[in-house]
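Consider the two complexes below, in which chain A is the common component and chain B and chain C are the respective partners.
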Partner chain A sequence: MILLDFGYERAATLQQAAAWLARLGDGAHVLAGGTDLLPSLRAELVSPGVLVGLSGIEPEPPRLTADGSIRIDALTRLSSLAHAGLVREKLPMLADSALAVGSNQIREMATLGGNLCQETRCLYLNQRHDYQFAAPCFKRGGDCCHPFPRNDRQTCWSVHMSDIAPALIALGAELEILGGAGMRRIGAAELYTGSGLQPLSLGRAELVRAVIVPPPPPRSGWGFHKSTVRGGLEFGMAVIAVSLQLAEDGASCCGARIAVGAVRERPLRLESAERALVGARLDDERLARVAPDAAKALNPLPHHGFTRRHLLDNVAVYLRRALAQAAERARTGRA
Partner chain B sequence: MLEANESTPVTAKRSQSQLISLCVNGEWREVAVKPRLTLVEVIRDSIGLTGTKASCESGACGACTVLLEDRPILACLTLAIECDGKRVQTVEGLAEGGKLSAIQDAFLDQGAVQCGFCTPGMLMSATALLRDCPKPSREEINKALEGNLCRCTGYNAIVDAVLQASGQGVEPVMK
Partner chain C sequence: MSELSYVGKSFRRKDGPDKVTGKAMYAQDVKLANTLIGRILRSPHPHARIVRIDTARARALPGVKAVITVEDTKGIKHGFVETPRYPPDQEVLARGKVVHVGEEIAAVAAVDQLTAQRALELIEIEYQPLPAVFEPEEAMQPGAPEIHRSHPKYEGPHANIGGNTETAWGDVEKGFAESDYVREDRFECQLRTHGYLEPQATLAHWENDKLNVWTSSMGSFVKRAKLAKTLDLPYSSVRIHKTYVGGTFGGKIDLYSHEYCAARLSMITGRPVQVVASREEIFSAYRHAQPLILEIKTGVKKDGTLVAQRIRAINNAGAYRGSGVVVIFLAWGFTMIPYRIPNLKYEGLSVYTNHTVRAPQRGHGAPKVRLAIESQLDMIAEALGIDPIAIRLRNARGPGERLPNGDDTHNCGLSDCIRLAAERSGFLDKFGRDRKSPPSGTIRRGIGIGVSAYMGGTLIYPNGSGVIVKMNDDGSAVVLTGAIDIGQGSETVISQIVAEELSIGMDDVRIISSDTDTTPQDIGAWISGMTYVTGNAARQAASNARDKLLQVAAEKMGVTVDQLVLKDKIVCHRLDPERRMTYREVIAHSVATRRGDTVIGEGYWRTMRDEANHPSLATTKGRWTENYAFSTQVAEVEVDIETGEARLVKALTVHDCGFPINPALVKGQIDGQISMALGHAFMEEVITKDGYTLNPNWLDYRMPTIHNMAISEDVDVITEQYRVGQPYRSKEVGEGLVSGILAAIANAVYDATGVRLHSTPFTAEKILGGLKRLQYQAKTARQAKTEPVRA
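So, the complex of A and B:
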């Protein structure tokens, strides 16, 4: 049961939604699929006066643009994204990352934009606390941090759990942001600030309108892994997305993008590991060295009962496997 | 980007009920709902169909699964006001003319019901699966039912029931 009373307005277009949000200010919140917002409303993590619903806006199907990029409407449901022929064929990593989210029902409801803009999580933040008193934490306007009692920096060490964001970052995707001042385009990683208090770089009335993914270059391959305990209906303990490109000799690496999600307040790019791979031969020995080094440089936030050590070990193993898989796909040309 | 339709007045009528129409199991109904009411609350409390269960209310258990425009969704994470003009099918709509559907029959036959609380959600997820994929493999069934938790842990019988309903070599055990 949602205890808070709010008004509801259904927008007919995204422009209208953005204009309403601008006019209504902090009292309004946008509602897309609702799978992230409704639990936040129940937990009273957000308390809007009005919800601006986007369910009346029909998303455009994913399409190929003139320059060969693939443009995906941010309101695309994750199940449509995972099963769209164009996405499956050209961007299998993106389809797999969408299929890794939540459950069948959640994928039927949740949208691509909503997944990217979801609330960060920790064991305390996203819970209702009416059954047992818990003092408000920094993010809720209080003055403590439950998972990190020695956090004295007035900040929030919660984790961004999107499964799709790391895949988009590894694919070099860009986002179209619609706001009062018009359209702007940013890299997928720039959506995130790195602060748990304010995880998104979006302005008050800005909305993600579309995701534009460049076509994967020739001789490239991908690897994706979401580490979970059960294997379904779960937030990841770490989400790893890799794309590698081979040089014309077919053995050495000429381009690498590695992103790890669910370990910090934003998805991280592993730039030192990328530098260690570019120009090198992608043999097992090299990958076995790069992956643990990259994990060591990661500094994950322990979250949801997983210790720092466990997360580092997990990333070291699955990053090596994802890199090996990406290298294999780049060599064989098989998606 | 300010357009003409931006001037449409936004009337934030807090907590005021609005009339919506829902086609529940083939029958159109008008219901007055407050914006904060979820679909599962309206189905159970306003319409009186208590087959659909509300349990975790956070998307973690799937007990509230219903079909909205033939797609399986979580009624606890859907605002009823967003469903205005849409078709909803609940577990009460599976049987036709007093005759249970094939999947309901298979659940009974395989003993795929223990405490029964997850069963309505399981049936709706399984119904959606069999519509999209009439002969699912065990793996496909597991994936389709990943969002439905059974705390009695009766999963094997449930998967067997879906296989039986799809006519794939699982023998009826009770008949």
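So, the complex of A and C:
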């Protein structure tokens, strides 16, 4: 039960929503599918005066643009994203990442934009605070950090657990951001600040309008893995997304994009690992060397009961497997 | 007996259509006009003195109709156990101090949720925090923060002892001395919770000096007794109504503070008051199961014969006595039943900590005890070079064996269970296979076995069940039973028994159940005895009505009763079926000739008619039950040795459940317990820090989903029979089967990987850690071999 009084406005267009946000200031918050926001309202992590609802806006179906990119409306529900023919065919990794989110019911409501803009999570944060952890932590504007008492007030080690963001980063996607000043376009990774306190780089009245994914290059392949305990209806312990491109020789790597989510305040791109792969032959030995180094470079935060040690071990194995799978797909041309 | 038409058959559940069509009314669905919302104010501290409570501002808030604290109660305490040794120990609202996070301090009734919430925020409380302690072994240390005084009869050196159980037979020390092999191990379990989907919910309405209550429960008569007592009302002033129940698993026995508060607030306001606990409250303030620490030392002969066993169980019992002193008593029972152990010593300690209070959870300690014993038994077998089947068969108890407390095993089918389980699973062919010759790839398969036994229908208030069968004059019947159907199917089973005894159709039986005003007293659905105790009461009631029908018919037809048979609502002559009367005619004749007797049958049943009310929790003296169920379960698991991830692939349950009245319901219980055990084994844990719950939601408390279900097969070893008109024995089937399979999973993980786990859950991290240790040991062993020995 949500024990708050708030107003509700239903926007007819995204422009209108952005305009209302600009006018209403901090007291307003957009509501897309609500699957992330409503639990936060319940826990009183946010207490907006007005919710600006986006559910009255019909999303455009995913489409191919002139340059061969695929443009996906931010309001697309995850269930349609996961099953859209164009997306399944051209961007199977994106479809799989959408299918990894929550459960059927959640995916029917959840939107792509909401997924990217979801709050960071922490066991001490995602609950009501009437008698548990009643003292507000830094993220709630207070004066402590419950799991990490030695953190200072600039530091919140909550983690960003989107399943889709790593896939988009690995696919080299860009985002259309709609704001008072018009449109701007940023790389998917740039949506995130890396601060657990303020995870998104969006301005107050800015909204994600669309995601634009370039066509996967020739001889490329992908690997995606969400580590979980029970394999569904669960946020990831770590989310790994990889795209690899093979050179014309069909053996050495000429492009790599690796992103890992759920283990840091933002989905992280692993550039050092990418560098270690580009120009090299993608044999088992190399992958077995690169993956553990990459996990270490990631420096995972312990979260949701998982120790740093275990996250390192888990990411090392599944990153290697994802890389091997991507290399195999790139070699065989199979999706 | 092929004669049976209803009993022993898989009839569809009586409650099925209501549930799948959404018609079933749960406590939360009951709506009364002018209902107020009740909310509870809970402690933000694990341990603190309450210096001052001021409710004035909350009372003054418009829309608030009542606010209560302990000062508004009669101060009558309650407890899960209420015996001379363990008197009630808990107030319905905290008095003077709080001992766990979430403890109930005050309650409000208001016109809506928001007002109730604001009222809670306006209650001012001044606390003086006290040092708190969360681990039982720390709480036991002399000088640890005192949560409550140790029990006056406890004479040992430890602090915070809520109760203890001690017992022994034979001479363990001598037994260890005579053993060829002795080993000691320690096992621990995580904090788990029941995971009932329907939240705790109560609607209370005080009207015309009568308290009407709808509450999610597993025993209406226990609820009535405890509510009446704490409210200081006669039982006749409290009526618990029937509602459907959406899962309990042990978590809804006993009195909960919110039930008292709903009732008291209604008595003050004169309006109905509804309290529904949020899922977060259930996770962070309500009762969970009991994490046990088990220290176990066992001595055996070379051939695997058990000679001596010493067990010490330490229970993290939470902040009040709860069922903590029961679990340490039962742990003893789960130790001594399945195997013959000539020398045994047991000590159980229930230790107060600043955690929430504990309740039984399906199996009430058995999973943890059997995990320890069965894991260690496999270790012993391996050390002696005996296989897991042989060591179990060597020690398994047989039929009619005397148990140390004076009980006996009756028709015990344990050896058959073990043999059949081995045979059906191909155990010995599979056992050790992947360790001996590891397959390529990273997946290893393992098989493991576990044995368990469980008692049914143990005596505790209200100790017995009554049933009334009223014949309608068309020959159909109405059954009045206090039995509460919590999903186990009691109404279906009772209908089958009544239909069988009366030879009427399933649709001719209507059940009126679990209403304390209109139905007879019943033991409740929480001591694994409903099919046996209430079932026998129903059998007796139906057979009582049947006897009356036969007598009336015999009189009218001028024959003796033994010349008559009943068939499909007709009484007819055994040799001349044309001489017959319909039930309608018989009943009309009874009304006409027996001063209006409409034919009503009465039945009642209690376990063990010659036994005192319950065994001694402290000394274990006394018999408990006439029925022990025995089981053997086999697990097959797969482990990824690179990641440590493991899963249950297949489960086999071979059990002696006496006689299955409804095989499909038995199967449902088995499958449910397999899934519960795999949750225990691999994923579920209430994570706490300093008494606060970190994962008070379904996302982060991971119960298994459909994707985690394993193949579950089962075989019945039938040791009892059902005969019309005769008492029957059925054995426990609803909670004993979480245990053997849990142990079997542990043993299977070992079989797959060589990693022996001493604590649940078996997370990927623990398994991987074990694999790394094994690799390291193998490496150092190789180095030791290749390094020249230095003189």
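Here are a few things to note about the model shown:
Everything below uses one rule, namely that the second predicted complex is superposed on the first by the 331 of 335 C-alpha atoms of A that agree within 3 Å, B and C clash if a C-alpha of one lies under 4 Å from a C-alpha of the other, contacts with A are read in each partner's own complex, and residues count from 1 in each chain.
The rule is simple: a residue touches a chain if its C-beta (ideal position, glycine included) is under 8 Å from a C-beta of that chain, and two chains touch if they have at least 3 such contacts.
What you see is a predicted model; the values in this text were computed from it and never measured.
Using the contact criterion defined above for the overlaid structures, shared-chain residue A:Asp313 touches chain C, although it does not reach chain B. By the touch criterion defined above, A:Asp5 lies against chain B and chain C together after alignment on the C-alpha atoms of chain A. In the superposition on chain A, A:Thr35 makes contact with chain B only, while chain C stays out of contact range.
Within the superposed three-chain model, A:His304 lies in touch with chain C and out of touch with chain B [touch as defined at top]. Once chain A of one complex is fitted onto chain A of the other, the partner contacts of A:Tyr124 are limited to chain C, with no touch recorded for chain B.
Counting the residues of chain A touched by each of chain B and chain C gives the higher count for B. Once chain A of one complex is fitted onto chain A of the other, the partner contacts of A:Arg23 are limited to chain B, with no touch recorded for chain C. When both complexes are overlaid on chain A, the residue A:Gly232 reaches chain B and chain C alike. Shared interface residues of chain A, touching chain B in one complex and chain C in the other, are 1, 3, 5, 231-233. For chain B in complex with chain A, the touching residues are 1-3, 5-6, 8, 10-16, 18, 34-38, 41, 57-60, 62, 65, 71-74, 76-79, 81-82, 125, 128, 142-149. Per the touch definition, chain C reaches chain A in the complex via residues 42-44, 101-102, 113-114, 117, 120, 278, 280, 284-285, 642-644, 682-683, 685, 687, 689, 692-700, 702-705, 707-708, 763-765, 768.
Within the complex formed with chain B, the chain A residues making contact are 1-10, 12-13, 15-16, 18-20, 23-24, 27, 31, 34-35, 38-39, 41-42, 49-51, 53, 55, 79, 102-106, 108-109, 178-183, 231-233. Per the touch definition, chain A reaches chain C in the complex via residues 1, 3, 5, 123-124, 126-128, 130-134, 146-147, 229-235, 304-307, 309-310, 313-314, 317-318.
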